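First the structure, in the form of structure tokens, and then the observations on it.
Chain IDs A, B, C and D follow the sequence of writing; residue 1 opens each chain.
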Amino acid sequence: MRKIRMGMIGGGRGAFIGAVHRMAAALDGQIELVCGAFSSNPKKSKLSGKDFFLPADRVYGSYEEMIKKEKTLPVTERMDFVAIVTPNHVHFPPAKMALENGFHVICDKPATFNLKEAKALQKIVKKTGLVFALTHNYTGYPMVKQAKAMIAKGKLGKIRKIVVEYPQGWLSTRLEASDQKQAAWRTDPKKSGAAGAMGDIGTHAENLAEYITGLKITHLCADLHTFVKGRRLDDDGSVLLKFDNDARGVLMASQISAGEENNLRIRVYGEKGGLDWSQMEPNTLTARWLDKPVQLLRTGSAGIYPESSNATRIPAGHPEGYLEAFATIYLNFAQSVRAYQAGKKPKKQFSDFPTIEDGVRGMQFIEKVVASGKSKSKWTKF
Amino acid sequence: MRKIRMGMIGGGRGAFIGAVHRMAAALDGQIELVCGAFSSNPKKSKLSGKDFFLPADRVYGSYEEMIKKEKTLPVTERMDFVAIVTPNHVHFPPAKMALENGFHVICDKPATFNLKEAKALQKIVKKTGLVFALTHNYTGYPMVKQAKAMIAKGKLGKIRKIVVEYPQGWLSTRLEASDQKQAAWRTDPKKSGAAGAMGDIGTHAENLAEYITGLKITHLCADLHTFVKGRRLDDDGSVLLKFDNDARGVLMASQISAGEENNLRIRVYGEKGGLDWSQMEPNTLTARWLDKPVQLLRTGSAGIYPESSNATRIPAGHPEGYLEAFATIYLNFAQSVRAYQAGKKPKKQFSDFPTIEDGVRGMQFIEKVVASGKSKSKWTKF
Amino acid sequence: MRKIRMGMIGGGRGAFIGAVHRMAAALDGQIELVCGAFSSNPKKSKLSGKDFFLPADRVYGSYEEMIKKEKTLPVTERMDFVAIVTPNHVHFPPAKMALENGFHVICDKPATFNLKEAKALQKIVKKTGLVFALTHNYTGYPMVKQAKAMIAKGKLGKIRKIVVEYPQGWLSTRLEASDQKQAAWRTDPKKSGAAGAMGDIGTHAENLAEYITGLKITHLCADLHTFVKGRRLDDDGSVLLKFDNDARGVLMASQISAGEENNLRIRVYGEKGGLDWSQMEPNTLTARWLDKPVQLLRTGSAGIYPESSNATRIPAGHPEGYLEAFATIYLNFAQSVRAYQAGKKPKKQFSDFPTIEDGVRGMQFIEKVVASGKSKSKWTKF
Amino acid sequence: MRKIRMGMIGGGRGAFIGAVHRMAAALDGQIELVCGAFSSNPKKSKLSGKDFFLPADRVYGSYEEMIKKEKTLPVTERMDFVAIVTPNHVHFPPAKMALENGFHVICDKPATFNLKEAKALQKIVKKTGLVFALTHNYTGYPMVKQAKAMIAKGKLGKIRKIVVEYPQGWLSTRLEASDQKQAAWRTDPKKSGAAGAMGDIGTHAENLAEYITGLKITHLCADLHTFVKGRRLDDDGSVLLKFDNDARGVLMASQISAGEENNLRIRVYGEKGGLDWSQMEPNTLTARWLDKPVQLLRTGSAGIYPESSNATRIPAGHPEGYLEAFATIYLNFAQSVRAYQAGKKPKKQFSDFPTIEDGVRGMQFIEKVVASGKSKSKWTKF
């Protein structure tokens, strides 16, 4: 037995999400970073490789080079998978190339630049049979898994109402006009895709709602808006939803909610009770009931299902956060790669991570929500 | 100087909102209950009058009788105003009669049974020049007044986004099929009007949003739904909003959000910061800012404007609640009646209570939101 | 049936606690203010009487005058009880005189100036058989009553640990050097008594701990301190406690905890679980358990005992606050007076208010805690 | 440049704190685990080594063997430091041996089994000049560092009152009678030392209070108690404190506070304001002020000092937890080892971790608090 070997695409010096992926991959001691193409700028890639203590010959000038060269290395040495942490328009090409060269893939969300790419990628994943994970990291939180399990077991009865919201405030001003790299590509339609806030964080909200409830959105009615002058993509939007069991919902995603940090929250109401979870205090799941007192379900504490406690590392009261939830996606992905290599199916708990199906669904959401935003009709079919 | 004298219409034994009005009227020692027509059942009215220690000859069998008889009493004795606390379909007739006979009126919300009545009432109020207050009681909270003052002073910059929500869970089952009086009339289109949840609590949300921001809704897009089988009016709804400064918003009102008590909450985001207020912890107003730490503004504490602290009775940290906010409506109404009697204008702080204009607006909201709920077009003009 | 008639001693213009008593007495419509000696300054007393719309001949220049004159009025007119809302050194004399002249008494806490007076008052109450209530108002909160009921029913098992704390910050500076009336008498040993913070708010903490748990303090070990230079009484103290079932505890009272408003909180831990209640969010009682999820018990909501819900006026989610809790003491007192007048015992729920026994205990606490503060021995017997 | 190499002592299969140390060491990509003596049982040590993908020849049967063998390896290969994660009675011997053989040491708290050992260890650290860190991990939280910086900069004025509390409930029953390993050694005086709860978590509280305020405890007055029958060490205690600037304080540590998870909390009040921090929601530091609104200072957000933001990995609103705080101790330790190897002083931010001085102080605390618990005098000198 050995650690699973990761090659990273993107995520060099100064990148936010690259560092997150590295920490998440490292946390559980199952994965080691062995190589990378950390930047489209080869010099910057080299310097970044040094930061991570990689040997110079495993730091590449481009992902194409990396995939080609790694493939020539002995199986005992070469990377097992690539982690793609580039802007959206550079997801599909390296994912395709990696898969077609036999490497598993873990990729940041949204899956691709547009729906067409996502569907193409779905076919490639299917054809190759390799492991593909999408880092909709919020599904890695133990209390999100608890909520999902409770609903699946029928604790709330039939689901009636879902409210999912994701307010941020960091794009309240025209940050992209300064040199802020994160803002720049996210507000550039050529790099981000058809949607701004709806693509960047709305897809997280959509994914979380469907993950937790097991329901699918069937219709939506969107009002997208750009508040900051000169911005080219939506920075705020609100969407009415219908689900496939006739539940109703509201989804909000905003990057101009001044003063908000990263306040993803979901509430689900059924016939018998309601659940309420907030990402910024992720270790508490509030359960409200028709006929008994409110409960605070706590990570790793009494009354928690295995689906949730399996995703917990330390005793109750020792808060786990964003990186731990992210790491759970990596852990499950790595164990699935390990199972694949052993010619086995992964254990059920390890197959719990977002896949290309979630990715296709997310790209459909972007396409539909943008279409609805422009439509004069109330409902757009999903 | 003497106490202002109140006659009550409705609110006999077992009524919820009648008791609230009596406590609110009593709290500040400015008003005394002198007579009442507490029930359409004269026997029940009499018994209720005893509960309130009224002399038998001031307890009437009907509001018509009360208004007529009281008018014949000497000015030094007769009631100054009526408080109308009946179901919605019995708001307009007594309000009209009271005003036309020279009595001021304070009335529970929504103003009337339908928009037509509201407009008629508006004319009568105007013609008589008497004082008319509508108990949109949530505007009486000190931290709501603080929010309004901060926005009016431009502390948030231009307003961009408003999210107002009012989830309750008490109608998650078909309570009206049992003998529950509160549920029965609220779900009966002949007593409640065209809307269920949207009329009962959606109007509070609409009023609160417009009161705090000073903005007006111009367009709405509603999805109304009835979840409980056999119910005749909406029990849940979500509405996209546009405001007259081009701000966007979401309004949710629900009585099937299982486990929720009375969780009215409003968030307002401007260019510089955001405000967040929840009725269930009403003494804290959270202010978030683009460039400085989150603040918790607290009733009666440092940094509070006079518009807010004027509506506070006790030192910070001694929580004031629902009845105190309600009482502030009564207090301001009573002081306005006192000013009227003295032939003066009330002090500015005392003129801060909801009027028939709010009432007309609320009835318009009900009409429009019901129309939008049935429409296939996205936007309905307000 | 008629309202119970109140005469007030103290509480004129500008007084904080007098206004609180008047609002609390008015809220439930059972009591009317009929007379008062609102100030030791007769002019100020007269002006205050006007504020409350009292006839001039029922506004007195001194409590002695009031008690004497009222006694001469016909039973159908004269006051039933006095409410004493003066500084501590003027509690005993009017209480004694009122009782000895046949008037029931409700008195602000602490009961008297010193323990000797408290014991003397206890004898008078006993001898006269009249109703005496002490406004340890925090025992009026529904969730405090819920906690008491849960412990009495054994839900927590044997009680092991009690932590009660009462931090305020308003005396962080030498406020008494300015013209602040509230600060002036509370820090004056001739008006306040032997203790400062421990007398003013420490007694509330002591009373709350014993009320909720049904236990009695047997030993204490105090560290009292005066932080503000020139102040003559303690402004901060911490006390270790032993209880009569061998439970241990900590009591803190502080008026120099800068930035704190009125943050009374109590936690009680037993063998099976723990309870946690904070005055500043009084409608939630947190119950933690060894083997099941945390519960949030809410005023008037599912799972609440009658001992608690009897003390609630409005539905769950409509917050009741400080004045309502205070009013519950008044309501129970008034109903007990009514029962006395009818020659009956009050209903059990109405006999739930603090009495002279609580008063004696509070004065003992002050005496013992001051003694312990000066002692070099660890434990002082209560 | 290369990763710093760690050898672990203790922490094999089933150990709680060993896994924590491994995750904390791995998170930032600066440290790699290269060898270990994971158990006093050589077989178990071997199996554990496999779990961590270590080569068999770097997994040792005892720490003595490990230190001896590693010393013989070339400098380019051998471990740089040992991490000691054994029960308290096995801290001193391996720490001594490691230091005397030229290896840096990071050690779990409390430092040693008793004060004598701690002082001996202090001398060895001094003599060898090697880097020694003690994992009082709670000092690694960004908001703890923010609190420390604010106090050091005088934002609160002179400190007056400190309340630090650490309630847990997991030892409410006699868990050590079952096979629970964590409970067994912690309640065994031969393994844990002179104190139970006071040693295990009281020392964290003591360390946190002194770290944040920069003050030193000078006197204490303790009440220690054992609630669970048959238990051999204290499971609950409360302590009055005096500090070297004449501030007063209270320290509570309890493992029988039923239902509490790991609720470490500290409040510090100065002349101008107060700070409030809770480990279970570690990313918020509440600052209360005499004369302005309450502030919620948030990890990585506006208004945070570099001393704090340096210890943050991801943007505000992405919660960091227990493992991240723990990792910050490891990161600073590793960078200090790196500086040592380069013959330099570490950067200021990297020298912020608990040392043997904290360890000696913690052992003194245990000795004094146990002595005070047995004393009849109020104050025991620290």
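As a convention for this text, a residue touches a chain if its C-beta (ideal position, glycine included) is under 8 Å from a C-beta of that chain, and two chains touch if they have at least 3 such contacts.
Please read all numbers here as calculations on a predicted model, not as lab measurements.
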| item | value |
| --- | --- |
| Interface with more contacting C-beta pairs, comparing A-C to C-D | C-D |
| Furthest chain, CA centroid comparison against subunit B | D |
| Chain centre separation in whole Å, for subunit D relative to subunit C (CA means) | 44 |
| Distance between chain centroids, defined by C-alpha means - subunit A, subunit C (Å) | 55 |
| Multi-chain contact residues (two or more partners), subunit D | 260, 287, 289-290, 294, 298, 301 |
| Of all residues in subunit C, those that touch subunit D in their complex | 156, 160-161, 163, 165, 167, 169, 172-173, 221, 223, 225, 227, 236, 238, 240, 242, 248-250, 252, 254, 256-260, 267, 269-274, 287-290, 294, 375-379 |
| Residues of subunit C touching subunit A in the complex | 287, 289-298, 301-303 |
| Subunit C residues within the subunit B interface of the complex | 1-3, 16, 19-20, 22-23, 26-29, 33, 50, 52-53, 168, 170, 260-263, 279-283, 298, 301, 313-324 |
